[in-house]
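Below you'll find the structures, each written out as structure tokens.
Paired with chain B in one complex and with chain C in the other, chain A is shared by the two complexes that follow.
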Partner chain A sequence: MKENNSLFSETGRESLWKRYIKDIPDDGYFLTLSCILGALYPGSEAMIPKVYDLFGLNWGTNPRPESGWSCCSGIAYHGDIMPIEGTLLTVARLWSIAQEIGVDTITMSCVTSFGIHCECRDLYENEPGLKEKIDRLLKQSCGREFEIPKYILHTSDVFYHYRNQLRDNFMKFQLIDKKTGTPLNVVDHVGCHYSKLFPEEHSLGGSEYCEVLSGMATAWGGKEIDYPERRHCCGMGFRQCMISPNRAGTMASVHKKMKSMSPFQPDLIITNCPGCQVFLDKEQWAIYEITGKKYFIPVLTYQEVAGILMGWDPYGVVGIQFHTVPVEPLLDKIGTPYNPSEAWLGINKRQVY
Partner chain B sequence: MTKTMKKFDLKNQAFPGQETPGKNGSNELPLPDHIQDIKDSCPWFQRDFNLSEKDREVIRKYLDGLTDDEIIEIYYRMRDKKELWDGGYFYPNLQILFGTPFEREKDRREQKIWNEEYGESEVVKWYKEAKEKPCVWWLENHIIARHSLNSCMSCGACTALCPAAEFLDYNPRIIMETVQGKNEDAITQLLKSDTIWYCFQCGSCKTKCPRKNNPFGMISSLRQLSQIKGYHVYSIRGRQQYAARHLWGGNLWNRACTLYFRNIEVKTHRDFGPRHELCFNHKEEYFRKIGACPDMDGLLSGRKVHPETLHELRRLWQAGGALYLWEHIEDSAKKQADESGITIDEYHDKVKTEG
Partner chain C sequence: MRVLVLGGGITGLKTAFTLSEFDIETIIVEKSSEIGGKVKRYDKIFPDFRSGKNLVKNLIASARNSPNITVLENSTVTNVAKNNRSYTASLSDGKIIEVDAIILTCGFEVFDATRQPEYGYSVYPNVITSMELESFLNPEGPTKGKLLRPSDGKVAKRIAIIFCVGSRNMKIGNPYCSRICCSYSTKQAIEIKENDEEAMVTCFYMDIRTYGRGFEEMYQYAQEIGVKYIRGRVSECSVLPDGNIQVRAENTLLGKPVQGVFDLVSLSVGMMPCVDAEELAGIFGIERGKDGFFLSKDDDLFPHDTSKEGVFLAGSITGLKPIRDCFLDAMSVSGRVVSYLTDLYKNR
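Let's look at the complex of A and B:
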């Protein structure tokens, strides 16, 4: 009999992993968008429907123009100006629209939203009478009815689900250094409200070994880089970043992460949370101004990485001009063609500078 | 699966009034000519950081002289003015109205009217009763507080990995101990302090608690209580909620998103660097270039929200107690501003910048 020297048996590993995976339906998605991503990286938001359409998926955002998606009110809830009942009602309305569309899978591009939807479902499951109360209030206020959706997915779950098909059918490039042929070093930063709130129920891989981003990065040719502060929060902190005098806490958190990851020479940071994306990217400038240290590691959303590898126009589709840390050095490594003189052109290539 | 699903409408063709796209006109953003004259001569369309003390006096005098109906009517007449741009309707006045003392005054008055018109929901009645009860009662009855604490053994795992505790004078373990101690005076003192406002709300503590407690949920509940009781104005970080109420609350109430793409102004976001400035100066062009709908009918990014969608959401926020909470934050701010001998607009800027 062959001796098994591995720390965990394969069956044990399989059974552990099953605790941290979730069902991802292939099709039929209600999409709600993000107020942060749409405000700062609109290209990332616009690429979600483009990718859904690549696969010919059945999806929608609203059945009628007047029955539109809204923000989930999550920032207001975590920023403490929205009582939980207001958020439960806002989310119930979104679930009601999904029902109107005829789907039971919600996909949202925002990690705060993802956490909020999961929290609402958790409260309904654990608070007797809450569903009836919110049913009553929703009906009284706007005549709607809702059911708790079967699947709550972040859009990064969907990209993860389709990662191999994206690579095999649509990607023209890989996360490989064109000159050396070696995989690029990819650092993932998974949003806290994706992996830490309900790690067993809703996060692919749990909070410690969350695979949603690293799974995409490795499938697309990159090398997953571990580093000590990998799971540290970016410091966005809702009221900490958005009320200017508090933003030092955000900067300090980003600085801590940069110091920790830089010895591993990352070529890029990949994110799935709009808030993390903003501050990991933008605060690198503040850190440079304050300390003189140029980290300048490109920070990209998973949509942007996918778009670049598919050869989509970096300025006209992906929107890399919205980044504080220039993404062009990464494009050079990958070997994606781009025309730097088009970076700051407006609509129809109008000269605005 | 029903067949009512619509594909993403990047060109806004499904929206009313969009049936005849193609009359694009120029690539230039429409200049709001009919407003430009007013804008230049009237300071109430300026951002707060551009206003002098004299401007503020003019604005306050002007706003105080308007009836509720007048201010609301002017706001919506301006908001709904539209121009054709790049194959869709662009609403040039959204940017002029947002974040101004004018919009804040409109919101205050309009929300009072909504509260009177739709009455007290069962949620508002609960919060009103809770306001008069001891803090300990809240902790035993508020849904988030109840679900956040099983029994803390004070191991400190939450604090060991808390990102806020690393940089600020903040300790979630002590907060959980104080809550568990059920001492009314100690809890009141906590609610009046800066401490509860330091939490990043990241949830790192929830994952690691061996007793499945949820410290960040408890802190969220404490922050609500602090505002319901009016204790938040006792601390610098707490009274920032007045700015938050108008920042996120103003965006929700008027644009159905807690963040609006014009919020990231260069003047208040110097830390975002020079490329942000390049982008922000022509943001509408760059948004449109990648298919977004900046202040336009549509679905993507900072779009003009359909009035019926906005109306539904406002009803929900009223029923869900948000307007009650906002009115409360407003009253506490007004009281403190009066005590300090400053106007409510000066108070708004003070709390937004101090700390």
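Let's look at the complex of A and C:
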């Protein structure tokens, strides 16, 4: 909300988040992928390299099995089935692969993974002798060497960094209601492991007024919505979503957020965490099934929002058909053309579903 | 005998006046445009609800009328040099003065509430600080004593007062208790209730530290007239569509999270060392503690002496004090300086 409605001072907020700025290099990114984002919202993750390429960036990744590339092991670590040493070793190997291809900035599409990389770096900085120990173990296990990377960035940091260039050079639409010309109400949901673990060092804007998503939303024409449960966790939590009896905790968290944000009439929720994206999207259906309450606020990742505003095919590229809450009402507001009959066409226009 | 008093707040004024009664010439150097300090802005002070403004008015009049006191406003010390047993002080307005002793009474600064962003100060208009609440409660203030919400000008009926903002907080690096916030906040809660019986005032506190004479009675009275106290630190304030503020806290007596909706939230901000503390410490070559306040030679035996002979401390420069203690400090440091000057002149 802007100052004209007198409930929220944009100037005041800006003065708060500007205390937490981090360096974002322009180029030279190593990209690591999420364990779940590509499977559940395939268009979303695929758009990261597409956008990197739009800007002609020097970036690299190496997902071939023979490269030794792996996940960060965050799920195992947070699920309590892997000790921190194993995670340190896995991450050290990823850093080693990045350094092998000559880049010193690790970017990852997963917020849990971002938290893991930041935590590893923090441990090296604060635990005397740990670097030497992991050096030795990495050498023993796979013959590699590693250094602590200069930059650890979430891919949303990179999108934030290039938000104005994306808007000015590539976007055909804005987060503006086509019929009324008013900005769409955008709720941001920043992943906890992005903004709450190391707010001073690694979160753009800190934890209370994190800027990474709201900055993109406002740059792209939307209106930032501040609501009481804005900083509340989506409820994913590995102990909730992995352990069946605790699953209600996830749904209750999403429900709490939905109840809190709905009076502000949001048009969309923008996320940067694969886990939050999944649960904020899918639990809305479960809440509807159980309570009959139909929130159905579209939930999109920042990459998907960027893709839609750039006019990329909502089905063929962005992949909105994988969403539980329909995204088409949002496309109608923005004025993006789409053809629902193309939602499930495969290669050679074959109907796959 | 001549003494420089740096700071024209209540401690500085009282010190100068007390020294003048011993026929000691005093020069008050005040950086702002007017002596009187912060207390002159307070309509009522605790625990007796007397007028702060009148109290300071009398002190200012005494200082201005005394032939032994010179007041230099819009000025500060930029350099000092020791000459045998006296000091030459250079002032920002170009004056150079020779004095036998220097007393630092520079007071404190109010904590910047934006450093605790979880409360939304400067973001949500209906979250204000206790200093702003003080001006709202002042009949001569911007709202003529009415408690009006900044967002829409409506009368606030449900008011939350959050204690310990900027105090006893390791995260922001202020582990100390500011000592006066519990009492001034309770005073404000009483004023709100006395002005409007229907107002609901809820205080969120960590511990109630009303330790001075009459302070605890004031706290008891607040409860008798219906001020509600909830023990627990507030975790977050958020705005609702109508501008109301939702406050979330933990009630540590019940062991439960609680939340409430209020028209207005006041943050009882703590105190910090004066803004130029670091610069002054450098100029005078004296030490400060980890909390940023100045260190005396010995807290028990020589509470006003510093490591530099002839330089003394008084008032909140050595840690937060209520008004009453500042006056006691002023009189105490005067006694110490008289004794110092007597020795100094005896040996000349």
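Throughout what follows, the second predicted complex is superposed on the first by the 329 of 353 C-alpha atoms of A that agree within 3 Å, B and C clash if a C-alpha of one lies under 4 Å from a C-alpha of the other, contacts with A are read in each partner's own complex, and residues count from 1 in each chain.
One rule holds in what follows: contacts are C-beta pairs under 8 Å (C-beta built on N, C-alpha and C of every residue); 3 or more make two chains touch, one makes a residue touch a chain.
Bear in mind the structure is a predicted one, so any value in this text is a computation, not a measurement.
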Which superposed partner A:L54 touches (first chain B, second chain C, both, neither): neither
Which superposed partner A:I148 touches (first chain B, second chain C, both, neither): neither
Partner contacting more residues of chain A (chain B vs chain C): B
First (chain B), second (chain C), both or neither touched by A:C71: first
Which superposed partner A:G12 touches (first chain B, second chain C, both, neither): second
Touched partner set for A:I24, first chain B, second chain C, both or neither: neither
Footprint overlap on chain A, where chain B in one structure and chain C in the other make contact: 231
Residues of chain A that touch chain C when the two form their complex: 6-9, 12-13, 15-16, 206, 208-209, 226-231, 263-264
Sites on chain C touched by chain A in the complex: 114, 117-118, 121-125, 151-152, 236, 238-241, 243, 246, 248
For the chain A and chain B complex, residues of the former touching the latter: 28, 31, 33, 35-36, 38-40, 42-43, 45-46, 49, 52-53, 58-63, 65-71, 73-90, 93, 100-103, 115, 123, 126-127, 130, 133, 137-138, 140-142, 144, 192-193, 196-197, 199, 207, 231-233, 235-240, 242-249, 251-253, 256, 282-283, 285-286, 289, 315-319, 321-324, 326, 344-348, 350, 352-353
Residues of chain B defined as touching chain A within the complex: 1-2, 4-8, 10, 14-16, 27, 86, 121-123, 127, 143-144, 147, 163-164, 166-168, 197-204, 206-207, 220, 223-224, 227, 237, 240-241, 243-245, 247-249, 251-252, 256-261, 263-264, 268-269, 271-276, 278-279, 282, 285-292, 299-302, 305-309, 312-313, 315-322, 325-326, 329, 352-355
